[in-house]
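My questions will all concern the structure given below.
Naming follows writing order (A, B and C), and every chain is counted from residue 1.
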């Protein structure tokens, strides 16, 4: 095992984190709404030194054949080497794709966007909501930063106009049809059986496994993802669920304040 | 002449520059000119793989320019396009003449530019940011590289076109310029104008670059000047 | 050195010869860094417009003036101007002590990451004692992930770096923790004649080894305090009275 990993593990077994945080404590979260004015919606989220910008763009297109009266939701992410020396140029690899799908799952399964209200003409034209996640700085836990930014961007978005033929990119006052529930992912690293909320980069490199649980305001769970190599027991899941619900509530308040 | 945003012909849009904004890059900067926002990261000199790309007596410079999908009105499909490949190339060719590459054989210096919001002048904003990122990283340079575009709108030569002006301009002429030596390292032109107009437009762009040079120096000193004392 | 090579006149050739002699003299007087001015300069920034001075480290002459090649602070050593960089990578020099991580075990030695654009190679011959690779699994001596304190033995023009652990002060680190700082800050962590690092060692009861490459190993009672204080030096290296400031921090956490 490498030298630094040994050092981190020796502290974790005493319940200590290198940066002085408690094991159920997030780093400082900062949410900025609308940093990208030209996008329909956008948010920049900082968790410690991790920075993610999410932009929401809208377009009009054909619905999916099995959901003819619903809008289309798409989440994409590109890991630019800007954000970390680990990232390489090229199409999204597995980590990037996984992140996009976790964020997507949280939004889709919670039904926080009222998709039927995005229908313009059934079977022909619907609004497409395109969420793009752009990590700017990777210092651990991109998933939570992305998930929080995505929700903040959606809630602050304003729809453009549609003139019957094409989209006119002038912001209206009309918000996206949202149910006001906010799916919030909470990610924990698993180390020596302990759950560390919001792992930073060093902890991610040393962790045995990772658990992301996305919850909604009513305390229900709408997405779960175990990541990284490693295994855990039932108690760990139960603990993670409680943590995610609790932390999710705190973060939801933060998002509301920033809107 | 009244421009749509009230600027004079030789006036830049509002400029903001910040150095050292990314934790893990060796050097980084954010430059916004009007609504256009560019972020650049520089890494290196660092090990270059594959080995056959190494130059035995110097470092190589690699540049990549990308637009965030949400940066434009119509969403941009992620991934390289012919346009972004060309811009990456001319960006590299704009920065390389300023670097002392011989001091670091067999290595690479990598520059990544991401455009977060686009309203014309993205490649020039990117070059300004990249130049700052390289300086921030401690890379050896003969000068900073500045960059801006100028054109001819409504019969008048105008500096730093907006997106709206770009649609009606008779020419779009971006340059990159090393102010100390008065040398150009990038010049491109789209349009159809007389040679006198072209010279006039270039001179206007140079003026813009000289102003941007002061902004760049200020941004670097803002981050670093506490390290020295008078 | 000067990449803008133009037609050289006799005068220029004489000047160059003088420059080389003066530089060699000045380099021998490394200790006497006369600080006439601690101005921050930018790449391409003019330092002086005068032929009286000679370009030393990280500067170049163009015409009558001397310019900086990079972001740094100007120091005068007699007539030689140096720019001491404020940022940038570690460039190994012979006799440097460095702390590195073993990355690869090969048949004839180890490849070590020394936090530099160049990886270092430690041959079998660079290790204390005799090793027969045919009989010994050399990864048992130093394996992947091991942290070692080694000396730079050779740097070729193509920047092949050879390190060795023959020097008695070299060793492998077992416990403790590692901190990475910008290599340009190492002199501040060490202090004049080691004064700063000695103070930190005394007040934290820690063993500390500092690599010129910006990697630092700490082991002892108050590892975290020592680490915090070292990072504070990196963050605020320029303040006057740094030693007192650090001393107070160390005392404050008894």
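Here is the rule we go by: a residue touches a chain if its C-beta (ideal position, glycine included) is under 8 Å from a C-beta of that chain, and two chains touch if they have at least 3 such contacts.
Because the structure is a prediction, the values reported are computed rather than measured.
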{"item": "Of all other chains, the one whose Cα centre sits farthest from chain A", "value": "C"}
{"item": "Pair exhibiting more inter-chain C-beta contacts, B-C or A-C", "value": "B-C"}
{"item": "Chain whose averaged C-alpha position falls nearest the assembly-wide average", "value": "B"}
{"item": "Inter-centroid spacing, chain C versus chain B (mean Cα positions, whole Å)", "value": "32"}
{"item": "Euclidean distance of C-alpha centroids - chain A vs chain C, Å", "value": "41"}
{"item": "Residue list for chain B, restricted to those that touch at least two other chains", "value": "46"}
{"item": "Contact footprint of chain A on chain B as seen in their complex", "value": "22-25, 28, 35, 37, 39-41, 43, 46, 64, 66, 68-75, 78-79, 110, 112, 114, 116-119"}
{"item": "Contact footprint of chain C on chain A as seen in their complex", "value": "1-4, 7"}
{"item": "Residue ranges of chain B touching chain C (in the complex, touch as defined)", "value": "26-27, 44-47, 56-57, 98, 100, 102, 104-107, 135-144, 178, 180-181, 217, 220-221, 224-230"}
{"item": "Of chain A, residues touching chain B in the complex", "value": "35-39, 42, 49, 51, 53, 55-57, 59, 76, 78, 80-85, 89, 91-92, 130, 132, 134, 136-139, 169"}
{"item": "Contact footprint of chain B on chain C as seen in their complex", "value": "3, 38-40, 42-46, 58, 60, 62, 67, 69-74, 85-89, 117-119, 157-159, 184, 237-238, 240"}
